[in-house]
Amino acid sequence: MRPSGRAPDELRPIRLTRHYTKYAEGSVLVEFGDTRVICNASVEERVPRFLKGKGQGWVTAEYGMLPRSTNIRMGREAAQGRQGGRTMEIQRLIGRSLRAVVDLTALGEVTVAIDCDVIQADGGTRTSAITGAYVALVDAVGSLLKKRVIAHSPIHGQVASVSVGIYEGRPVLDLDYIEDSTAETDMNVIMNEAGGFIEIQGTAEGHAFRMNELQAMLDLAKTGIGTLLAKQTEALAKS
Amino acid sequence: MRPSGRAPDELRPIRLTRHYTKYAEGSVLVEFGDTRVICNASVEERVPRFLKGKGQGWVTAEYGMLPRSTNIRMGREAAQGRQGGRTMEIQRLIGRSLRAVVDLTALGEVTVAIDCDVIQADGGTRTSAITGAYVALVDAVGSLLKKRVIAHSPIHGQVASVSVGIYEGRPVLDLDYIEDSTAETDMNVIMNEAGGFIEIQGTAEGHAFRMNELQAMLDLAKTGIGTLLAKQTEALAKS
Amino acid sequence: MRPSGRAPDELRPIRLTRHYTKYAEGSVLVEFGDTRVICNASVEERVPRFLKGKGQGWVTAEYGMLPRSTNIRMGREAAQGRQGGRTMEIQRLIGRSLRAVVDLTALGEVTVAIDCDVIQADGGTRTSAITGAYVALVDAVGSLLKKRVIAHSPIHGQVASVSVGIYEGRPVLDLDYIEDSTAETDMNVIMNEAGGFIEIQGTAEGHAFRMNELQAMLDLAKTGIGTLLAKQTEALAKS
Amino acid sequence: MRPSGRAPDELRPIRLTRHYTKYAEGSVLVEFGDTRVICNASVEERVPRFLKGKGQGWVTAEYGMLPRSTNIRMGREAAQGRQGGRTMEIQRLIGRSLRAVVDLTALGEVTVAIDCDVIQADGGTRTSAITGAYVALVDAVGSLLKKRVIAHSPIHGQVASVSVGIYEGRPVLDLDYIEDSTAETDMNVIMNEAGGFIEIQGTAEGHAFRMNELQAMLDLAKTGIGTLLAKQTEALAKS
Amino acid sequence: MRPSGRAPDELRPIRLTRHYTKYAEGSVLVEFGDTRVICNASVEERVPRFLKGKGQGWVTAEYGMLPRSTNIRMGREAAQGRQGGRTMEIQRLIGRSLRAVVDLTALGEVTVAIDCDVIQADGGTRTSAITGAYVALVDAVGSLLKKRVIAHSPIHGQVASVSVGIYEGRPVLDLDYIEDSTAETDMNVIMNEAGGFIEIQGTAEGHAFRMNELQAMLDLAKTGIGTLLAKQTEALAKS
Amino acid sequence: MRPSGRAPDELRPIRLTRHYTKYAEGSVLVEFGDTRVICNASVEERVPRFLKGKGQGWVTAEYGMLPRSTNIRMGREAAQGRQGGRTMEIQRLIGRSLRAVVDLTALGEVTVAIDCDVIQADGGTRTSAITGAYVALVDAVGSLLKKRVIAHSPIHGQVASVSVGIYEGRPVLDLDYIEDSTAETDMNVIMNEAGGFIEIQGTAEGHAFRMNELQAMLDLAKTGIGTLLAKQTEALAKS
């Protein structure tokens, strides 16, 4: 029995709220249950130094948590003078996942920077961030199409992400904080709309996991991501 | 005529939403029109090093802006490795303003740290932060009373804040971003419930201001703060 | 009775020594009693990045304290790897105050950077720094006129600053350290030669202050700043 | 055909040289072909602050690259004043992988810190680092047993790691730099001696990968890790 | 002919002004011609962490330059967030030189921290700093004797420093900035009152120097330091 | 008797291994007994900002120690976020020593950056680094000659370095760690092939040293450097 009473293959309630703030070209509040992340996509018509003159664009992400998004207040990274290893790891993952569905050359010399800021953390902040960031990215690209900076969308795929794990010996989908903190295995899966894997990161927290457990977790992930992709499509269908 | 169509002595719509996130002992979303700030008060039963063994508590604040809370994306302070001067100035101001209404000895060896994070900035982020932070502080102290860490509230006053300025030659209350960016004078006023000044900071952006202009601005501030104090009281009256 | 035996409206002995060091285009040692600050104005014929190509100049300030300018040795900010909040707050204030009397367009693409370094601190370091920095700025602009980089002075006003406060229940002018550390209210006032306010920053340290106290403090400030402006004029009259 | 002429399931020449430097309690030079990493395990009889008084030990890792370990000289992280995201990601991975085979309570209040410094990088620095670090860890624990700080080894498993990927459409084992930089998919697999997964991290660089590709890669990894575990055993068998 | 018209073995005018600021236990303004350095010695009755419980004290130094102590304004190290290599090199040298004449065990668990801040730089800032710092150290130790923290002075020698060099083919004493910037060889010599060398640092800027040149420079240094030691003694003789 | 049993004028076994890593244009492992330093010289066809457009090149060095190159593990400078004073001092010394034998104008707009990374430290890391770095520099310049970036070598001298000191009252050559940590005087000498001094840095650790001791140490240094220059020549003679 999961602490939340959910079935093993049951996602938490998912909400994707577009146009959440008024300035960003794409602004999405994504909620996976009590986990709430603001994904703001900003368009800048220039590229980072390492891409100058290469005739292509860039999609990148930054991640942060409000100090009291968690049960115990964390120190503010800006006050500490450095981003921690976990933060860097997550923002690199979000950026890679989004770039996997964008033709950077077709984007032109434009940067889309997606800020994922966690307002409330209850497990799955990185997977919800990726899922919400995709919607923000589509809206940001939409603003470029509208302004005719580009004629066609450079986005050639759809991407969503969910966590899976082994909790009390059973594979479960979309772990909340209580499950996450005691799970034996924790895996983040990022997939596209064609069922291909963009990234998988699985970590044994307790015992090492077996091939059949991996298989079961990936099956759950596939189901969950199918639902998330549909939620994204639905959110984007609203004008 | 103000860009928003407001009368010179008219506040923007004010909203104070308590219990905005689930972990913080006090959590308030404060809105002054389109300006939205999350104020999370965290209670820690220890004090900073410089107060150790002095038999008193501490109230402090930190301030941050989401990178895209503004019209143009700002660099993330955590990524830049330092908090800017404006950030430090504001968080010091918020902390001082709150400590002005707290008896730190009566608080005991407890720290209340209030994180004010700007989700959307449309002028007046520091004044709305102070106004919201007071409510979060009351809730945080309430949690200490409930847990019987302290027997009586150490809060001996009420504090709210508003900006005033000279816009196109006329004194106005609660400037939004458009007004703020072209105002000749910009003043932040922090007052208590007895009409005393806790802090005033006035800056001539255009011509130097005169005593009669100062007087007119302080009169507007007094009116505005009266309303804000009532809004705080109303919000805190809800269980 | 003030600890120094001064009358409530009496400034400490004021000294402004020009040409204090030999390299800076403007170099002033300012003394308000035992408070001693070196104000060095440096001229650079370029502007910061954010002003490039805008056809205007910039006036900015940096502030520092020698580690043992104070009663207890402070850590050296360079060794700690960051400037503290108070430092940033003060240097931003000095810069704003000076820019209030300069036509930056008339200055041309030139930066005047004014370093205010406190040799000995006995209260009022920021107000003495502003008062001294103005004189250094005039000398720095004088060097530009002499070199015919500009034909006319872009300085269109005169600025000086003093602190006022409520000490043992009475308004007093130009607080020294002993007064400052126990004052109920502390206010820094920056005015121009026409009696207009450029900036006021008042903070209740003890009880919140009332309108009549504010009025009394501002009256004292006006008197004190009148004397300071005369001291500046006198110093600048010497060749 | 692989650039190196290796068969798809062929590892590069593997060397594990123990006692490589004279001070560290465990010191191993690990070579996967031209990739050379020094793994120095240091024993300290104290624990990090967050573990104080919890009656357990800690195993952690740090990772660095000599600036010219790569084809193009990289900036030195110490000179830049911060460790990059990739560095943090890798050192966190190494630490997690080793902790997966250590009973931290049985270790006692001891920290084993393993420095993995890349002398020459030709692909697979993190997988070789993990493989070498395990041997260094065993030697470091050996020094504790010898000094009778602990009576029994807290190491309850063996761990090794290898990369696999899809290169020119075919699954291959242990990618060198040329393969790595053009591979469509790159996966790092960390397994224990019982064939369980400790961590898997797979990233689609080109097209998203399919379940059958994942299966093929994991099969290769299993074979390769089998060999690496044998190489570790062999190295540790020497006195 | 030297630019200043001095004889090859002629020091610049030397001044040592004690009690230069009012807070430091030892405060000396040292002037070697136009080079002016404030040396403030602060006494703290505690020791750095690495000496805790070892029954000895510590003498250390920090060095800084006002941004416009030089002909061209330098960036402020506190603003840049780090001390440069030259600064660190110099402050380490000052600290070592002073410790060479102090019995740290006899000092007891006390730290004397000497801040050497350059007000105006015209060559020889490190040698003048050492020469002035010694006097400040004696005064700081005097305050400990007066307060009876220690019964006897732990200072067992006297130390002074001067630069020598090869300028236009001839050995010269106490180089000013013009000489220093074109000298073929530049050497800083630190000696005690018994004519022993505490430190010598010689650098060929142009051609490598020969043994006979070294000998000639050391002879000049000996003469110059003799005069400096006498100046210190004279300054300390004043009550 | 020296701890190692060496004669007072006896160097440790010296080894210079060229082509130690495969990417650097010059790569040398230098060994002075148990002290092992990798010196990698990297060629970049650009110059630092302060030399842009001046028609000359630059030779610079960076120095680092593996955390466990020493008996007690040191903190990693990259993790601490800053290079220590000793590191900066040493890398500045290495750079100056190499530039003393290079005609930077003849080098053209090219930078040779030499990374000296200590694998194992047993005294004399800076002197061995200089000695090895010279060989790496020659190889790096060789690569420029081969690529015909320059027609003639800009290296006009040869440089090597050794430490000398007073150990148990006797002058000794090439101190190892045990000697170094208890020596009364420690001196690093850098000379060219013509017997000229490029840099000398002598520090009294115990008693101040006398002219005759200095003379004796410099004589030992000359002998030792003679051998080191021959070792360099021999190593460079191999193709």
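Here the chain labels run A, B, C, D, E and F in written order, and each chain numbers its own residues starting at 1.
Quick note on the criterion: contacts are C-beta pairs under 8 Å (C-beta built on N, C-alpha and C of every residue); 3 or more make two chains touch, one makes a residue touch a chain.
What you see is a predicted model; the values in this text were computed from it and never measured.
**Q** Look at all chain centres (mean of CA atoms) and spot the one farthest from the centre of subunit C.
**A** Taking each chain's C-alpha mean as its centre, the farthest from subunit C is D.
**Q** With centres defined as the mean C-alpha position, give me the subunit A-subunit B separation in Å.
**A** A distance of 33 Å separates the two centres.
**Q** Could you give the separation in Å between the centres of subunit B and subunit D, each centre being the mean of its C-alpha atoms?
**A** From the centre of subunit B to the centre of subunit D is 50 Å.
**Q** Can you compute the centre-to-centre distance for subunit C and subunit D, using the mean CA position of each chain? Integer Å is fine.
**A** Centre-to-centre distance between subunit C and subunit D: 58 Å.
**Q** Spell out, as numbers or ranges, the residues of subunit F touching 2 or more other chains.
**A** Only 81-82 qualify.
**Q** Hey, how would you classify the chain contact layout here, line, ring, star, complete or other?
**A** ring
**Q** Please list every chain around the ring, with subunit B first and subunit C second.
**A** In ring order from subunit B, with subunit C immediately after, the list is B, C, E, F, D, A.
**Q** Mind pulling up the subunit A residues that touch subunit D in the complex?
**A** Counting only subunit A, the residues touching subunit D are 82, 84-86, 88-89, 91-92, 96, 100, 157, 191-192, 194-204, 207-211, 214, 218.
**Q** In their complex, what parts of subunit C are in touch with subunit E?
**A** Touching subunit E from subunit C are residues 21-24, 27, 34, 36, 38, 40, 42, 44, 62, 64, 66-71, 73, 76-83, 87, 113, 115, 117, 119-120.
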